[in-house]
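In the two complexes that follow, chain A is the common piece, with chain B as its partner first and chain C second.
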Partner chain A sequence: MKNPSIIIKGVWVAIGTLALVAFPLVAPNRYVVHIVNMAGLYILLSLGLNLAMGYCGQINLALGAFWGVGAYTAALLNTHFGVPIWVNLPIGMVFAGVVGALIALPMLKVRSHYLALVTIGLAETINIILVNETWLTQGPLGISGIQMPTLFGIAIDGDERFYYLILTCVLIGFLVARQIVRHRIGRSFIAIRDDEVAAKAMGVNAAYYQILANSIAGVYCGAAGVLYAHLNTYISPDIFEFKSALYVLTMTLVGGMGSLAGSFVGGLGLPITQELLRGIGNWELVGYGIAIMLVVLFFPGGVIGITRRLQESSGIRWPWARKPTVEPSQLEEPNVSGP
Partner chain B sequence: MNINTVSIFLQTIVGGIGIGSLYALVALGYSMQYRSMGLVNFAQGSIYMIGTYFGIIWYQGMVMGLQVPYPIAFLIGIVLNMGLGLILERIFRPLANLDLMLMLLGTIGLGYVLDNMAIITWGAEGFAVKSPLPNTPIIIGGVALLPQMLLLIGVSAILMVGLTVFLSKAKIGKAMRAAASDRETASAMGIPVNTTNAVSFAIGCGLAAAAGILAAPIVYVNPAMGGPVGLKGFAAFILGGAGSIPGAIVGGLVFGVLEAVSAGFVSSAYTKGIAFVVMVVVLMFRPGGIVGEVTVDKV
Partner chain C sequence: MISVNNIHTYYGHIHAVKGISFEVRQGEITALIGANGAGKSTTIKTICGLLHPREGSILLDGAPIHKLSADKVVRLGVGLVPEGRRVFPVLTVDENLDMGAYHRSDQAEIAKDKAQMYETFPALKGREKQLAGSLSGGEQQMLAIARALMSKPKLLAMDEPSLGLAPLLVKRVFEIIADLNQQGMTILLSEQNARGALKIAHQGIVLETGLVRFADDAASLRSNAVIQRAYLGAG
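This part shows the complex of A and B:
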């Protein structure tokens, strides 16, 4: 036993794996599993947003549209041609990735609040197409009767079984995102975010990486969309509106922009908290708004920012914390530069 | 082209100018706040909604059964909303120094608070407001115009001219422009920058209330009315050039006319889409907006 930290880590991984695998078996009812499934999809969306916005600094409020493209691709292919989820998943991801790249084109030209508006405009336009092209999308009625998937003859019907599919996708999504962040692409993203002019001077092809970042965000959202369509078997345009982009933005900022762990904290935390607070009615939403403002004003790094700060001041190392090879100061305060 | 098509076209344009004045007033609110504090306030739609209620509750006799005449309700609404603006400015002040993403989220958070307070106070269901002017259209040269629409256009024009004169002639207006162009030098010259910021913010809120109360008899008053108008006002503010006063007016009118023309002659379903696509194209060629931005990003 030469390195005790490996054992400790192993124990944590084992406990974590067990908890994740056992969750649907011990969950009190199916609804709870459904909430966690939706949270899993939000984690995927948030990971996509985090890569584009937290790492590459690309303001993107078109997330709902990417999500919708993935979901509608799956829904149409499945209801018209009976294409299974396993084929829809890559197709949806490619489609949403292409839409992401297209939306990125105006981004090369405009900046900051102009960019925010351009992405809102494009997302609204895609949503209007979904509502109005009734021959294709059935408009506001939505598309129903999407099949739940089967794998080797086992029907993945119901939330409990779907949970494992989403879990797998989220884990793969996380591992891929981690690889992206740690390697050349991620370093280029951070360089562009922190100072685009300097990054260009150092030979980073800023335009290429900005398009790539938005395309990656599209791929993540596309995957979430395909899963959403097959999980709920029914989709309608109102889910893919601007407000869902704001929701994902909120969870990412509350979790921690520029930190992949932040996507998990926000993606799980926000939907579950909302579920717990349900029933207080409008006061709940007032509290929600105040909570957002408090986070923005006092903890701009989100929950992950708080844990990092605690860690630095107390010297405690969280079991899941990585060795501080990446400068934490850079990740903690996500490009808080003046307007 | 026969007379009928021409008159329909003119009517569409006037309708567009009417809705455009509404957007322009809201966009002026964004502009006043942006140029003074550097704040992009996404709660402006909610402030517009609250301002509408502040005026209309008096007109509708919802306060202690008092039936206040429309012009007085209009003034009460503006004054109350300016008061609200002075309070909100204190809350927004720390937000103005943050990164755009955080600013966006913080102001949206405040928007949630305002929207839901409105639902708690006045209920989620809206109501139609009876027009203070007769509902019969006035016909000028074959063009039928609603009196309330003309009132909206006229009063908006007066407010816009008034604001421009105020900023260029009045002492505090000049101080506000100085503070907008260089905060530090202005405060070194003895201009109370925090006060001018608060006044700018309050004026922005007052304009939003004016827009809302003028449009109330045309639109349906409910707590969700702020969202779309806030978004389009923001679009107008960006389209004209962030922080520019003539830009906000031009942006609002262009956006309104664009919407009306695309609704009347191209496709009513794609109104919003066409307006947004044109806007994106304009921004591609003029990234600083039609008139041009006031403050320029530093490298």
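This part shows the complex of A and C:
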């Protein structure tokens, strides 16, 4: 007899796959697809931040810079040499990954909020380079005329077709991230995040994994950058300012720091909310600030943390939830008498 | 086994350890005794590679280790039970033990050693899947000791293992340390609880303000009038 939970899971997967594949066909208009495409890129950025910050504790506000490195790599290679996205994607990921590793070197010397300051400074440096080195980047004018990709002679020339490319990248990005967090690297990240001294005492080479975490964040953001450049066909430095890092930080915190599902909740949820609340203009920054404060103060696990708490207190099992590792009863009465 | 030669360790400008020398002999318990700020923890951290001495040397079986990073020192066989236990709160008990075996790759042996740990520390038995953060203080201390043993150390360095535990548990921790030593483990024990430590130790090193004040076998220290007055609470 088959386990009913496997059947239920299968049904969920089937419904999910169908919805994902059919989305551009049933979407009311191209603009909606564009929003979802951007959300896909934000999910990639958020996954990168989540691995570095949520799992390894490396506060990193230089994401916009990594994103920009990927986008500018693709834009320059494409407009000057006609390099297609399929080649730009790995190159942009490697470039941004190297920048992530280099940025991590000065980060090793500092902790917590100083880490945030160092990364803001480094991100600003890269942004100033993008603005001022006009011989290379054309400065604030940006770079236009980036080609949309073709695959086997089919032009991926609109948001609807690009959607499938982004979907594929997000799925691959998620599966890779899941492998990372479930295995040795993820275990090392969590150990460093929770107690760096204890992690070192266990034999974890903390410096190596901290550099690796930031480099992985760079790779994810680099991929998002390359996709963004080829999707938008035009890029300019203002997209990659500090504001974008704050945006990704907000969505990851609200979704759930330290949970890959949180990146999906935040990455989809925040752009959609933003669309619904269009017209509030710069007040959105105030909104991010308030959202971050509320989450940090009251819901440290974000939306995912809330669903987990509900699950533990009510016994409801969400279809995507893993088996709880602690029985609530154990949490309530720890054995104080000891052995 | 370990010889510490005239080490000087600083926290920034603060000169915490001012030239300490001693030997940890194979198969023995060596107790580092002293008040708060005497330099016990600093000495242990320096041996484990979490801090580096500005002067002096530390030799493990004759090979210098004082310039190595902590992860390399662990690989060479120095396991640490850190001050304040420092188990990984969001990992399960089982995963904490896996972290202890971090640098080992012999999966079959690791599984065997883990099973052994649950035998040695019955407090952990049946709690394999429980988050370490939800254990009581005493259980966390057992887990911290088990976790350090999972690295198969030649020397087990323990930093204040009795700190913050109920008297009954303190007694139990000292029993466990003595048991481990009976089974052949060499132990370096830093303790404020001088009475308990000197009862199970072979030799004692008394530190005061970053210097060695006394170094002798534990029995002599126990009968030393100055030590009795300052550390053992005798009139």
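Heads up, the rule we're going with is that the second predicted complex is superposed on the first by the 308 of 339 C-alpha atoms of A that agree within 3 Å, B and C clash if a C-alpha of one lies under 4 Å from a C-alpha of the other, contacts with A are read in each partner's own complex, and residues count from 1 in each chain.
By definition in this document, a residue touches a chain if its C-beta (ideal position, glycine included) is under 8 Å from a C-beta of that chain, and two chains touch if they have at least 3 such contacts.
For clarity, every value in this text was computed on a predicted model and none was experimentally measured.
By the touch criterion defined above, A:I128 lies against chain B but remains apart from chain C after alignment on the C-alpha atoms of chain A. Between chain B and chain C, B contacts the larger number of chain A residues. In the superposition on chain A, A:I6 makes contact with neither chain B nor chain C.
Of the two partner chains, chain B is the only one that A:M257 touches; chain C does not reach it. In the superposition on chain A, no contact is made by A:L171 with either chain B or chain C.
Contacts of A:A155 after superposition: neither chain B nor chain C is touched. In the superposed pair of complexes, A:P300 makes contact with chain B only, with no contact to chain C.
By the touch criterion stated above, A:L136 is placed in contact with neither chain B nor chain C.
Once chain A of one complex is fitted onto chain A of the other, the partner contacts of A:V197 extend to both chain B and chain C.
In the superposition on chain A, A:L18 contacts neither chain B nor chain C.
On chain A, the surface patch touched by chain B in one complex and by chain C in the other comprises residues 197, 334-339. On the side of chain A, the complex with chain C involves touching residues 187-188, 190-191, 194-195, 197-207, 325-327, 330-331, 334-339. Residues of chain B that touch chain A in their complex: 38, 40, 91, 94-106, 108-113, 115-117, 119-120, 231, 234-235, 238, 242, 269-270, 272-273, 276-277, 279-280, 283-284, 287, 289, 297, 299. Contact residues of chain A toward chain B in the complex are 53, 59, 106, 109-114, 116-118, 120-122, 124-125, 128-129, 131-132, 197, 242, 246, 249-250, 253, 257, 282-283, 285-286, 288-293, 296-297, 300, 334-339. Chain C contributes residues 48-50, 69-71, 74-75, 80, 82, 86-92, 95, 98-100, 102-103, 121-123, 129-131, 134-139, 142, 147-148, 151, 166, 168-169, 172 to its touches with chain A in the complex.
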